[in-house]
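The structure that follows is given in the form of C-alpha cells.
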C-alpha cells in the first residue's frame, strides 16, 4: 500500500508532466479549430524551442562535436529566441505545406504535418545528436516540502507558467480582435470571410501561436525531464490524446485532459510498473474513443444541422 | 471538420505505423556516419609496403573484419568511441603494411563497418550482410548488450567468431552456464562489477540498498548480478525497480526509493537514462549515496548531468584513472599508448568503451596472424591462446569455460568530483562519498 | 453603384448562372425574386466574392471586383448578410457586432466602432438586452436581426441581404422589412433576395426575376407587382409563403 506521501509525490510529478501535455494539446486544438488540421509536428516545436534555448544559454557541442556553442546568453533572451525559432518554423510549415494543400483532404494535410515532423526530427538529430540535454533550471535552490512530497523549484515554474500561458491565451481569444476573429473563423469560416477576415491569415496566426505555445512548453520542461531529439513524437501523441479526451475542439477540455493524462500516467508508473506509463495513455485513448464515439457522430450531425440553419 | 470520426480513426492508423517505427528511432534520420546499407570500407592506406616489396605477382588477399556498432541512437555515446577506435586500429595495422598471416605475407585489413542505430533488429540485419556479402572472417561489435545477444544465432549458424564489446553475461553464457561457442567479449561481466560495489557497501557497513535499472538486456543482467552478489553478502535489497529505455521522468522510482529509505542506491544504466536519473535524484533532494555501474563511464555522463554527477561512485576499467594508478601497474603502458594514439587522432580522451574495442581488435589481429583466413581456426585461437593478454579492460585469460577472460581484479572504483574522475583505492572505500 | 455584366457561374460542370446582368443605383432597394434553386444565392455569392464567375464582370463603385476575394471586397464597402443568418454561435452578440466592423478597426478606430454599436442598438433594441448572450442561444428572429446588424457594422455603401425573412414568424418578418425601409432612409443601398416576393416588391424600387439562372424579367417594383404572369408564378395570393 503506497503511503500518502508517495501518492502526493506521484500526483505532483503527474501535474508537472500534465502541464506540458496541456499546453501541447492547446496548440492542437487551436490549429484544429481554425484550419481543421491535426498538426503532428506540434511536439517537434517543443523540441526545437528547447534545443535553441539550451544552445544559446549554455555550452553545447553541435554537428557531432565539430562546433561548440558557448554563447551563454541570459535565459529569458535564449527562451525568447527559442520561441521565435519555433514560430518561424510554424509559419513556414503553414506557408509551404498547409496553405498550398488547403483544398486537399484533411487526412492529406495531416500527412504533410507528419512528414514535416520527421524532417524536423532529422534536422535536430543532425545538429544536436542523440544525447539528452538539460536546460539550467530557472532558479537554483533546494526543493520545497509539501506534505512530505518534494516539489522542485522548476516544477513550481512549470505549473506557474502553464497557468500564465493558459490564462494569457484565453484572454487573447476573449479580448483581442485577432482572438475574436480566430474564434469566428473556427465557428464559421465562410461568414468570417464576409466580415473581411482572411482565413489564410488566420491559419498562419494559429500555426504561429501553437508553435510558440509548444516551444514555451518545451523550454519550461527541459530542466525537469531533459530534451532529446526524438521526444517530439511522444509529446505530439500525448497532446493528441489530451485533445481527444477534451472533446477535440474544446480548449478547456484539452487543458483538463492534459492534466488528467499526466497524473494517470504518473500513478500508473509509480503504483503498477513504469512499463505501463505509455500503455495507460493508449488505454485512455481507447476508452475515450469508445465512450465518445457517439459524441463525435452526434457532434457531426449537430454541425450539419447548424449549417443547414435548423 | 465535417468528418471528425474519420479523421480521428485515420490519424490513429497513421500513428500506429509511426509507433512501430518508433522502435527504430533514427530510421528516417540522415546518417551522420556510415549508412547501414553500404558499408564504408576503412580508408586503407593502400599498403605502400606491397608496392615496395619485390613485386609479388598479385597482392595477398585482404583480411576482412566485420563491425557493427551504434554510432547513432541512445547507445551512441558508447558506440562512437568504439567506431573511432576500430577505424584507428585498422588504419594502424595497414600503415604497418597489414597483418602478417601464417603464410608470411602482409595482408591488407578491410573493415566493413555498419551502424546498428542502437537497435538489435538493425544489428541482426548488419551481421547478415557481414556474413553473406562481405564474407568477413571475424566480427567485432554490438555496442549494446541487446544487439550483441540478438546476433548470437546468426554468427553461430554462420560459424564466424564474434567478439562483443558489451557487458551482459548472457552474451557469452548460456542458461546452463556453458559458453556460446562462437561468441567472446572484452568488457567485464556485470557480476564482478556488482562484487566491487558490494565490497564498497561492506566497507561502509551498509546492509540496506535500493537497486534500480533500465529495463533492457544490460540493465536486467546488471540487476540480476547485483541481486546475486548482494544475496551472497547478506545485503538486503529494500527496493528493486526498473524504468523504460528513453524515460525522462523518474519521479515514480525516486519516490519509491525515498519511501524505502535505503542506505545507498545502485543504478544500472547508460548515460542516456543514467544522467537524467541522477539529476532528478538530486533535484528531489535524496541524500542516500548514489552508486552507478560501469555503463556511465564516459564523458557524456558528466557533460549531461553536470553538478548532479558530483559524488557519483562506480566501478570501471582502469583507463579512466590510469594517471592516478601506481606507475608499475602492468596495464599502464598499453593504456597510455592507446590514450596517446586516440588523443592524437581525435583530439579528445578515449573512454573505457573505446578500450573494449581496442582489446577486441588486438585479439583479432593476434588470431589472424596465427590462424590466417580461417574462421574456425580463429575461434580456436581465441578460446585457447588468449592467455595473460594485457589489454585496456584488463589482463585476459580466455578458455572454454570463460569467454570473457577478465574479472573483478580488472575493475577500480571511481568517484566523480567537479567533472573529474577520481580513483578510490579499496583502502579508502569507507571514506567515500 | 453595382453593375453585373453578363456573368456565368459554375459549380463544377453545372451552370448555376447564365449570362446574368443587373444594375443597382445609388440609394435604391433592388430585389431579386425567384423560386428555390433559381440562382439567387449563387448570384449574391458571386457578387460578394465567395464564388468567382467563369465569364462576365462585376463592377462595384467603378472597380472591377469579379476576381477579388470576399475578404477584400468587404473592405470596399459591400456587406453581404448571408442566407440562414450564419451568426457566430459560440461568440456573444457584442463580439459578433465587433467582428462586423473587423475591417474598419484599423481605419476608424475603436471609438467610432463603439459609437456605431450604440447606433445599431438604437435600431435593434432587443440586441442590446442580449449583448452578453451567446449568439447561438438567440431565437431565429433575433439571430436574423443580429446578422443584419452585424452587416451594418461594416458601414457598407451596398448591402446584400439574402432571404432575411426565411423561417421567421409573420410579426418578425414585418419588423425586418420595417428595418429595411429605415436603412434605405439612412442612405444605404440594398440588393435584397427574397422568396417572399410580395413583401419584397412592396419595399423595393426595382426588381429582377431569376429563373434557372437566367434573368427572365425586370422592371419597376410597381410594374412587376402588376404583371399577370408574375402574379401567377410568385405572388399567388400568399403573402409570406415559402415560394
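For reference, chains read A, B and C in written order, and residue numbers begin at 1 within each chain.
Throughout what follows, contacts are C-beta pairs under 8 Å (C-beta built on N, C-alpha and C of every residue); 3 or more make two chains touch, one makes a residue touch a chain.
Note that this is a predicted model, so its numbers are computed, not measured.
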Key: Leading chain pair when contacts are tallied as C-beta pairs   = A-B
Key: Central subunit by CA centre of mass proxy   = A
Task = Report the chain whose mean Cα position is at the greatest distance from that of chain B.
result = C
Key: Inter-chain centre distance, chain A versus chain B - centres from mean C-alpha coordinates, in Å   = 36
Request  = Calculate how many whole Å lie between the centre of chain B and the centre of chain C, each centre taken as the average of the chain's C-alpha atoms.
outcome  = 77
Chain A and chain C, separation of their C-alpha mean positions in angstrom = 42
Message = Which positions in chain A are in touch with at least two other chains?
response = none
Remark   = Flagged in chain B as touching 2+ other chains are none
Remark   = Going by residue number, chain C touches two or more other chains at none
Remark   = Within the complex, chain B is touched by chain A residues 2-3, 5-6, 9-10, 12-13, 17, 36, 38, 40, 64-65, 106-107, 110-111, 114, 118, 121-122, 125-126, 129-134, 137, 142-143, 149-150, 152, 154, 224-226, 228, 230-231, 233, 237, 240, 244, 248, 266, 269-271, 273-275, 277-278, 285, 289, 293, 296-297, 299-300, 303-304
Message = Could you list, by residue number, the parts of chain C that touch chain A in their complex?
response = 48, 50, 69-72, 74-75, 79-80, 82-91, 95, 98-100, 102-103, 105, 150, 154, 166-167
Query = What does chain B use to touch chain A in their complex?
reply = 1-8, 10-12, 14-15, 18-19, 22, 25-26, 28-30, 32, 72-74, 76-77, 118, 215, 241-244, 246-249, 251-253, 255-256, 258-259, 271-272, 275-276, 279-280, 283-285, 300, 303-304, 306, 348
Inquiry  = Quick check on the complex: what are the chain A residues that touch chain C?
reply    = 177, 180-181, 183-184, 187-188, 190-199, 306, 308-309
